[in-house]
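Some structures to go through are shown next.
One chain, subunit A, links the two complexes that follow: it is found with subunit B in the first and with subunit C in the second.
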Partner chain A sequence: MAGAGGGGNDIQWCFSQVKGAVDDDVAEADIISTVEFNHSGELLATGDKGGRVVIFQQEQENKTKSHSRGEYNVYSTFQSHEPEFDYLKSLEIEEKINKIRWLPQKNAAQFLLSTNDKTIKLWKISERDKRPEGYNLKEEDGRYRDPTTVTTLRVPVFRPMDLMVEASPRRIFANAHTYHINSISINSDYETYLSADDLRINLWHLEITDRSFNIVDIKPANMEELTEVITATEFHPNSCSTFVYSSSKGTIRLCDMRASALCDRHSKLFEEPEDPSNRSFFSEIISSISDVKFSHSGRYMMTRDYLSVKIWDLNMENRPVETYQVHEYLRSKLCSLYENDCIFDKFECCWNGSDSVVMTGSYNNFFRMFDRNTKRDITLEASRENNKPRTVLKPRKVCASGKRKKDEISVDSLDFNKKILHTAWHPKENIIAVATTNNLYIFQDKVN
Partner chain B sequence: MEVQKEAQRIMTMSVWKLYHSRMQHGGLRLHRSLQLSLVMRSARELYLSAKLEEEEEEAAAAGEIFPGQLETGAQTPQPHLETGAQASERVPQPLPLPLERISVAPEPMETQEVGGSLPTRLPLSEPAWSPVPPHGGASKPSRKRRSSTLGKSGAAEAGLVPSKKAKLADEEESERQPQRQEGPFPTLAKVLQDRFSGLILQPPTVNASGEAKPGCRQGDGVLSIMVRAVVAF
Partner chain C sequence: MSAESPEPASAEEQKEMEDKVISPEKVEEAKLKARYPHLGQKPGGSDFLRKRLQKGQKYFDSGDYNMAKAKMKNKQLPTATPDKTEVTGDHIPTPQDLPQRKPSLVASKLAG
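Take a look at the complex of A and B:
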């Protein structure tokens, strides 16, 4: 797969589609909270704050339209989670979908896990494009026939009908988390999965809903001694007994479930010493890791903290092998970002299919890609201004200080309400899905 | 001075954010509460160290320097008892409200989490607030949370456990305070509201030398809010 873009043999990114309302006035329920391609890349799922899941399907490639890959159209929409109320604690439970994870396809149906703060659900999405006709005891409209009028028997046959996509909840995994669930991860055995909240990680079997194993518990005996929380967790893509979890202190722990039943003691601890020259009030907050993702190969993992993306080699614990600054120009603005709460934003990150490029979001609807081989990076914008199909996206640049060149945007002009927190990369092709507040943008590389 | 002001501004902002985060949809978030309390603590440390530097400068200027006790981060008992004595004169004036209702102090132990220099600063408040005889540095055995050792009555007075006795006090307070809000964490809400209204009802009294000192007192109380916010989980 080619590089990030920006010249030479690198690919050029083009606008493909945008989904969602054009309104500037964003309904809270429409705010996209998660984006995920399935294993083949044919399906793209989004979750929103209103608890809905929308699945897009890629059109089969059309020979006549060879200049672009298939478009993504709505395949299924369903209400995954409803708002709930915990009567014991007098607490509202938000219906916002925190994460969606696809299961690999085993038969005609598709399965995904979706989770809000407290409950995980396994959904089956299946197609119905035929229906049986020719019943002996029923008319076609459903009315029962008088049995005495039945003189011959026939075998009902399937006849084609308009495609109907049905989503049904097959399992509901509830009541296992006291704190807010922040991540789920399906094991490579395709039988078990992890769910993590602020203090605990549970291991589930996909078939069993009435119990789960608690495998990590960092709740201190005395809550006054609490100093860190779990922020993300992921299973290793190949090793079914290995998983990692990140913390609010900027550390990542790798655990092996074969070592003991309770994985409170890590097998590896990944931590980079803090640069003392960067110390400030907000050092601890910005070192909190908001996302952790293994590379497809399983050799590396990527972490996202507030200002940077770090690539870690699993064989080296004391520092990352690569560090990319996403928006270093914000370091001097941390106080303002604390005031407007932007410092608490949780950005995600993702790998491309060949693990050569990583991508993450920023403010002003900018997103960034870093090519690990060429060490080049590019900043692009998700905006309706560039919304003609196959329009090549122009690289953007932020001017940190001093004289602003033409086409550059100054830090003070950035719109901090327009943030890209969720991005996803097609597992095989150069197609990316980028979520702004309530719109989903799909970009592709330019195909000649 | 600028540093102090900035630190105080950040402390106030953090309290406000924590107070309002409980009202957001979905309830209090542990991670957010923890982050806010971390910022609070950093700001408080900076505020206190800046304040101490300023006091030392003033003392030096007045010719009362204490040799070998310049601010290094490791506190010794003597300067604290000195400033503690000064502080205790001032404390009753700016914050009578919290003192009346809370006989159990926002103890040193409550802020024992990580910062090594914290415990030694808190004796500043001890003479005025705590029934425990003031002692110099904080030693491990005395770190136990006062409210937990006093059991029910202590906890009740600290506002964590409902008590019959509190009813009379409530009636008095409700006249003074904004309407209580019930919500997901009633005890936490009460603690936040009590402390927060203590802060807003008693703005730092500005006087020639002590402008920042009542603020320091408030900082103590405010940090305990952070701790209690996390504990309430």
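Take a look at the complex of A and C:
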């Protein structure tokens, strides 16, 4: 069971809420493509293939409902990106939201960056709970009054109104990426951010939309020589000149922007040596890193490749300090997983607030948690079958081979269309958001 | 267990058996190569990366389209077979062939 750390008590995860349609017929637009808590955990944003963003807000803790934390309810929803067609390059630009990243809150409004394959947008989400009334030249419904009918003057006043949450695009950062944007990451200076596509990483200033600095370029002079692409990038949580990027070959490069303007030469290269005798056709594909995340402390980083999660100490480049097998039983299914393209699925991973537990998704709507201290792991399922609030989730087990025990599921019965690619952990509490194809599940630890 | 078999063959067989025991990956690789003998020599190499970089490409040449339309004013334009997913080559695409990319005006079901 995934441990909470303090007191040695294992966490018991309970179903809290599920969002989204029940029907099995999933419209492509409804496929969830990203999930992200904001810095306080009060807001939870999702992006989907249809270019829409939905933001949930945790309701204030209710003193009478002491057995559970606040529920997440819809706060705002808007169309972030729309499909485009680049006629010059004959390229269809999907509206799918690849990533959402929140800015830390500076004033009453909330800000987030959302990106599709080509364009990043800064959205401002603000509340309006008052409106001005008593204009002299306008009627209450907005129509202008004939000035000659005005006989007295009054001072307009603000009157309370039903809360309205408005989302407006404040900046549009476009035309900087030839290839498809896979990551964005906000710097700890809260002024700049990175965006990465398959071959290049750009540095932007949040206030400036008409230019960005290219800081990494791995495009070969001859595209025939292309062997590696960038798969993810992230700024260090504390050091504003440090960032990492991962590759399709399973390496991670750490770069320091103080070293030079173009960070093509890495400061550190993290790579686990491979036994050449074990190499197969699949080796490189399954070593491709689909996600990289720094720990909150900044001391470690976690990478996700097809079959495992690895924790790296930034001070040690030659191998990870911890490796966790997510679904090793898939190693003997690689042929079919290649044929149905599942081998190219990009799973994400996340840390809990104290960096003691890590979580990632798998197939059959299973997700896994690994406790770094107790070395115990657990497999849970996101399913509507367990949807009574405060029902503790039952651990799941996959039977790799041999005799299947009761309650175990065999590898061949796994549904590879039910994949959990996106998960998020509340920054402070034991609340997690798990996205299945088109539903968002929220689980909490049992509060007694 | 046959004492008659020549030394090198049984050593090879043993290694093969070892491989099967040690590496399920190699078993899977053999399966794949059996099904697709012409699969790229370079494992997971440039071909697959280039395909990844080209995602989203659709071909529509308005010049070709308009020329063809002018030439065949009264004739029916050759249209794609219904199940064709890629519009390229000597088939002259029409706007109907290109999938309609309408913005999503429906609210997300997560907000429902």
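Points to keep in mind about this one:
Here, the second predicted complex is superposed on the first by the 432 of 448 C-alpha atoms of A that agree within 3 Å, B and C clash if a C-alpha of one lies under 4 Å from a C-alpha of the other, contacts with A are read in each partner's own complex, and residues count from 1 in each chain.
FYI, a contact is a pair of C-beta atoms (placed from the backbone, for glycine too) under 8 Å apart; a residue touches a chain by one contact, two chains touch by 3 or more.
Treat the numbers as computed from the prediction; the structure is a model and nothing was measured.
In this overlay on subunit A, subunit B clashes with subunit C. Once chain A of one complex is fitted onto chain A of the other, the partner contacts of A:Ile285 extend to both subunit B and subunit C.
In the superposition on chain A, contact is made by A:Leu440 with subunit C only, not with subunit B. When both complexes are overlaid on chain A, the residue A:Thr251 reaches neither subunit B nor subunit C. In the superposition on chain A, A:Gln110 makes contact with neither subunit B nor subunit C. By the document's definition of touching, both partners, subunit B and subunit C, reach A:Tyr179. A simple residue count on subunit A separates subunit B from subunit C, and the partner touching more is C. When the shared chain is aligned, subunit C comes close enough to touch A:Ala29, but subunit B does not. Of the two partner chains, subunit B is the only one that A:Thr231 touches; subunit C does not reach it. Contact with neither subunit B nor subunit C is seen for A:Thr423 once the two complexes are overlaid on the shared chain. Stretch 45-53 is the one among 9-17, 45-53 or 63-71 where subunit C clashes with subunit B after the superposition on chain A.
Subunit A residues in contact with subunit B (one complex) as well as with subunit C (other complex) are 89-94, 117, 179-180, 198-199, 223-229, 248, 281-285, 335, 338-339. Contacts from subunit A toward subunit C in the complex involve residues 19-21, 29-30, 32, 46, 48, 50-52, 54, 74, 77, 79, 82-85, 89-95, 117, 179-180, 198-199, 223-229, 248, 278-285, 331-335, 338-339, 438, 440. Across the interface of their complex, subunit B is touched by residues 89-94, 96, 117, 179-180, 198-199, 223-229, 231, 248, 281-285, 288, 335, 338-339, 341, 344 of subunit A. By the touch criterion given at the top, residues 22-29, 31-33, 35, 39, 43-46, 48-50, 52-53, 55-60, 101-112 of subunit C touch subunit A in their complex.
In the complex of the two chains, the subunit B residues touching subunit A come out as 6-7, 10, 13, 17, 25-27, 29-32, 34-35, 38-39, 42-43, 46, 110, 112-114, 145, 182-186, 227, 230-231, 233.
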